[in-house]
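Next come two complexes, and both contain subunit A; in the first it sits with subunit B, in the second with subunit C.
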Partner chain A sequence: MNAIRKKINPGWILVAPFLLLVVALYLGPIMNILWLSVTDPEPGLSNYQKLYQSDTMARIIWTTFRICVVTTIFSVFLGYWIAYAMVHCHQQQKNYMLAFLLVSFWISILVRTFSWLMLLGRKGLVNDALGGIGVISEPIAFMRNELGVLIGMVHYMVPYAVLPLLVNMQSLDMRVMNASRNLGATGTQTFWRVYLPLTTPGLVSSTLLVFILSLGFYVTPAVLGGGKVLMIAEYISVQLLVTLKWGTAAMLAALMLLGVLAMLYIMSQFMKLSTVFGGSSS
Partner chain B sequence: MQDKQFMRETLTDGAKAFQAGKMNRRTFLTLCAMTGFATANVLAGKAEAAANEIVMWNWGGQSEECHGGAIGKPFEAATGMPLRFDTSGPLQGKIREMVDSGNVTADVCDADLFDSIALGPTGHLEAIDYDVVSKDKTLPHYALKYGVSIILYGYAFVYDTEAYGDNPPNSWADFFDTAKFPGKRSLYKWANGSLEAALMADGVAKDALYPLDMDRALTKLKSIKDDSLYWGSGSEAHSMVINGEVSMGMVWQNRGKNIEDDSDGQYKLVMNEALAMPGAYIVPKGNPAGREAIMKFIATAQEPAAQLKLLDCLGMTPSNPAAFAQIPENQQAYAITSAMNIDKVAFNDPVWWGENGGDAVNAFLDAIS
Partner chain C sequence: MSNSDHTQGSLQLTDLSKYFGEFCAVNKVSLEIQKGEFLTLLGPSGSGKTTLLMMIAGFVDITSGDIALDGTTIVDIPAEKRNFGMVFQGYALFPHMTVRDNIGYALSVRKRPAKEITERVDEMLELVQLQDFANRKPNQLSGGQQQRVALARALCFAPPVLLLDEPLGALDKKLRVEVQQQLKDIHKHVGTTFIYVTHDQEEALSMSDRIVIMRDGAIEQVGSPYDLYEHPATEFSASFLGKSNFLRRPDGLYALRPEKIDIRAAGNGGEPARLTGAIKSITYFGSMQRIIVSIPDGDELEVDIDSWRNQDPLHEGQQVDMLWQDIAAVKLAEG
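Entry: the complex of A and B
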């Protein structure tokens, strides 16, 4: 008994029931999906062969990747800006900003998506106003294309980018920045050489969070893309529900899962993931 | 979805008992809390439709009012079995999943006839019992082994009378001619109707569409790709038109009247070369109410009275030839099988779609994305 105890931390016994629950309810279905991807419609790797045989797959994956990267860049940039302002402004203003951020965070994605159509649609507020004062003769095509998808996704993702950054920035010891100024660095130098490196964990975690969530986007591309911006999530749903090609759907799902895991692995080579997810940095 | 429905029903029953004073407030609140919490537990249990009612799986909207009034009421009067609804949309994948899981909670799906070709031979559907259901009460090609058409809907288009008032478009050829009729177009995202429209625009006769020449259809569709938007739901098609995003839009024909009304007549429906789609009732294998009851239910839905009520309520067109002559004056212009339109429309081939639909949808998505 003691020998076992030495090898296995007794804490595991406390966690064990929950671990089993997770395995049964979460890993089980995922395994089922992975299994489907090599057995439906026939056993073998035929579903995975489509990846390099079919231009469609390559294009859908490329579209998804491109949109996710652009969304992530803009969301994290805007998020950094907002978080920086929130940390350094007056407490009362900070509360207002946090309230606005959370309100938009909580509003349903459908509402947020459709409100962009009203604002930027062909006969939306902006196009009508610009047309009315004679700046443009033809409405600008903001929506129902890739630009529309990007606007909608960045808008949705900014709060996700802000929150990890905010937590990270709040925990910084401001005396470090004071010391930097005291030792003769300018404000700009202090930012680039001291502040920014200290916020790397926040940047990495918000980048990861935004990118991974973007991969699974479904509603926004479907509505704002006008049917022409096809991302993996929507394609999977069509294969499941309409064309009954469950093998293809499972293959793409497996691919996304592997993609995310690979990304986490690469990140872990550069830094401790536990810092990113809020664990101790030691 | 099934467990959600179970929760809803438990709560409704609880609420009724509470109102009737059979249950005290505390018990009712506990019930509310439990139905909120117990979702995970119920996954393991079986949430099934009771055998003494018919559950129709459809697409929501005004189903309580329309299907309930047209079919549910006469059926309940005759058999005592009420009609209930699951409005989550019986897509092929969901039906297959439901039957495969062995937890069948719907008795009849308001689906497409081509679904019966795709799901019937794989053992996911009950065969239609043509001793109870009549083959004469629908169009000749639309009474199939695993599904029977009750109503027809269709793909037609509306155009902006302000843009093309003097020389209105009247065919799919006009719809695809963006030089003569400049402006944006909207089409259905999941290939149905869009492929047929492209072929008719390219000169294929409306009774020689099948088997579809995919390459020809996709080439035609790509020719207006830059001017096209694609919609995935009826309401999206509706709003693309009403919000002025397109000057010609493919729509489900039964929404044509609403669009004309909502736009104060600015948009007008064109029924020429509309594609008639057989909406069908199909029965998941092992439906809870049993085969006998559900066949009687389908027979009730075949009656002209029921079909005319659905026409009045939802704009869905009767498929029973006995009802064609009774289509009222104000629906003549919009109904597919009215004397005015029946010779102008093309008819969908559910067998081709059932066998080739999956590949067609993927080829279409590839072409438009």
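Entry: the complex of A and C
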């Protein structure tokens, strides 16, 4: 008994309740989903067979992937731009920008999605205005298609893309950029050869964050896609609530989880993930 | 090695000033810097020495005055076109590049042929003795090695002027003395004009051809280390460069270096004492001892003597006579 007690760090006693909670409330359900995906409606891999048997499924997965990639590219690009401006402008302007960024976090996604509908719908502000001054004769179809979903998702994701980049850029030693100038590099050269490489960890973590969050998007595609753009999350909800095929839903959820893990694995091959998640690089 | 072509490298600063809002960081500095000179800007923090260096480098705009290289003004030339080498405080190496790429950076952004870059970098690696570390990243090097990489990187494109901003500040004391010698050797070897910023008086004394003592953004005194130490012009110069006692006499204020005072037990006869007093404390430093003597008017005098001369030890509380030669006391300008 004593021997055991010596081997166990007493710190575990403090951690144990929370560890149990995490296992019970987090790992448990995930295991349950994985379990469901191979047991419902009957044991076996029938759910996973649908992946290559059903065209619908393949199309949904492809749509989801495509939308997530495009959203990530635009969000990270805009995010990089904004973060760069925030780091390099005056303190007061920076505070304003940060406030705007935070405000967008406080507004419900539902509200933000519907406001796009009002702006860009067939009878929305933009189409009315353009029609009124005679630039267009037919309303432009911004909404109820993939473009609408992309606009809504990029808008929602940009603040998430900004934060990791902002942290990364703020921690840079500006003397290094001065050193580059001093050695004769132009602004463009300094950006490509020094600034961009040094902000790669921020870019990677921003990309990961936006892509992973995009995968699970539900409200925006449902509202702005107008039922025409079906992404995995919405399809899962249909399986759960309408057709009651829990096995299929669980399979898709498991697939998303695997996708995220695979992506983390690939990233870890190129760089130390601890630097991406804010740990030290040494 | 042909580092500098020796046709360039003299700098002329004329009435150079820098204001940050109301605050005057650099105040009407005029200075001639010779080609190939090792010039040190010495001063306490806030004296404007780093700002002055950054103005020469082109990172800080000047408010008024002029900077000229070999007689031609350079104030309108941006930092990246000035071709001045610089060793930054904390080195500012590129953390994502190898030592080789760091050193070759200046040539590579000038789009020089790869072969030329390789040869030149090899030359620089040899100069700073880092041949075996060419493929390391900066975080795999010690502080002293990083310092040498920064130096090699700044010298690689053969600049006419090298600016050094407290380059030894991050090193421990023993290493610093070693690197001081290396820096001096390299300066002699490449013949580039060095402008060196430090707040360390020992560094300034041991390395420089000339020292500029700065105070509140203005030049307090310029001269060779010997001149400044032996003939300080002001109380500030005397106390910032080395230690000094100050004596008030009817005709003015005098500076008296502690090691120029001879001390002996009172009433031993011989030459009459200049001052008498009682020993307040004796501190032993190995090669020398620092004796603090209380003198009658309430002041204290610091006396440094070589330990070997204190064979018949003086002790605290003892009455002593102090003597010095006339030339030891230097009359100061009063500001």
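Criterion: the second predicted complex is superposed on the first by the 265 of 282 C-alpha atoms of A that agree within 3 Å, B and C clash if a C-alpha of one lies under 4 Å from a C-alpha of the other, contacts with A are read in each partner's own complex, and residues count from 1 in each chain.
Note that in this section a residue touches a chain if its C-beta (ideal position, glycine included) is under 8 Å from a C-beta of that chain, and two chains touch if they have at least 3 such contacts.
Keep in mind that this is a model prediction, so the values were computed, not measured.
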Partners on subunit A (subunit B, subunit C) - clash or fit: fit
First, second, both or neither for A:198, with subunit B first and subunit C second: second
Touched partner set for A:175, first subunit B, second subunit C, both or neither: second
Contacts of A:121 with subunit B and subunit C, given as first, second, both or neither: first
Contacts of A:144 with subunit B and subunit C, given as first, second, both or neither: first
Superposition-derived angle with apex at the Cα centre of subunit A and sides reaching subunit B and subunit C, degrees in steps of 10: 150
Subunit B versus subunit C as contact partner of A:240, first or second or both or neither: first
Dominant contact partner of subunit A by residue count, subunit C or subunit B: B
Partner chain in contact with A:155 - subunit B first, subunit C second, else both or neither: neither
Which of subunit B and subunit C A:185 touches, first, second, both or neither: second
Least Cα gap, in Å, left between subunit B and subunit C after the two complexes are fitted on chain A: 47
Doubly contacted subunit A residues - partners subunit C and subunit B: none
Footprint of subunit A on subunit B - complex, ascending: 91-94, 96, 118, 184, 187, 189-190, 225, 228-232, 236, 239, 243-245, 357-359, 361-362, 365-366, 368-369
Contact set on subunit C toward subunit A in their complex: 57, 59, 78-81, 83-86, 88-90, 92-96, 105-106, 109-110, 139, 153-154, 157
Complex interface listing, subunit A residues touching subunit B: 55-56, 59-60, 63, 117, 121-123, 144, 222-223, 226-230, 235, 238-246
Residue ranges of subunit A touching subunit C (in the complex, touch as defined): 173, 175-176, 178-186, 189, 193-194, 197-198, 281-282
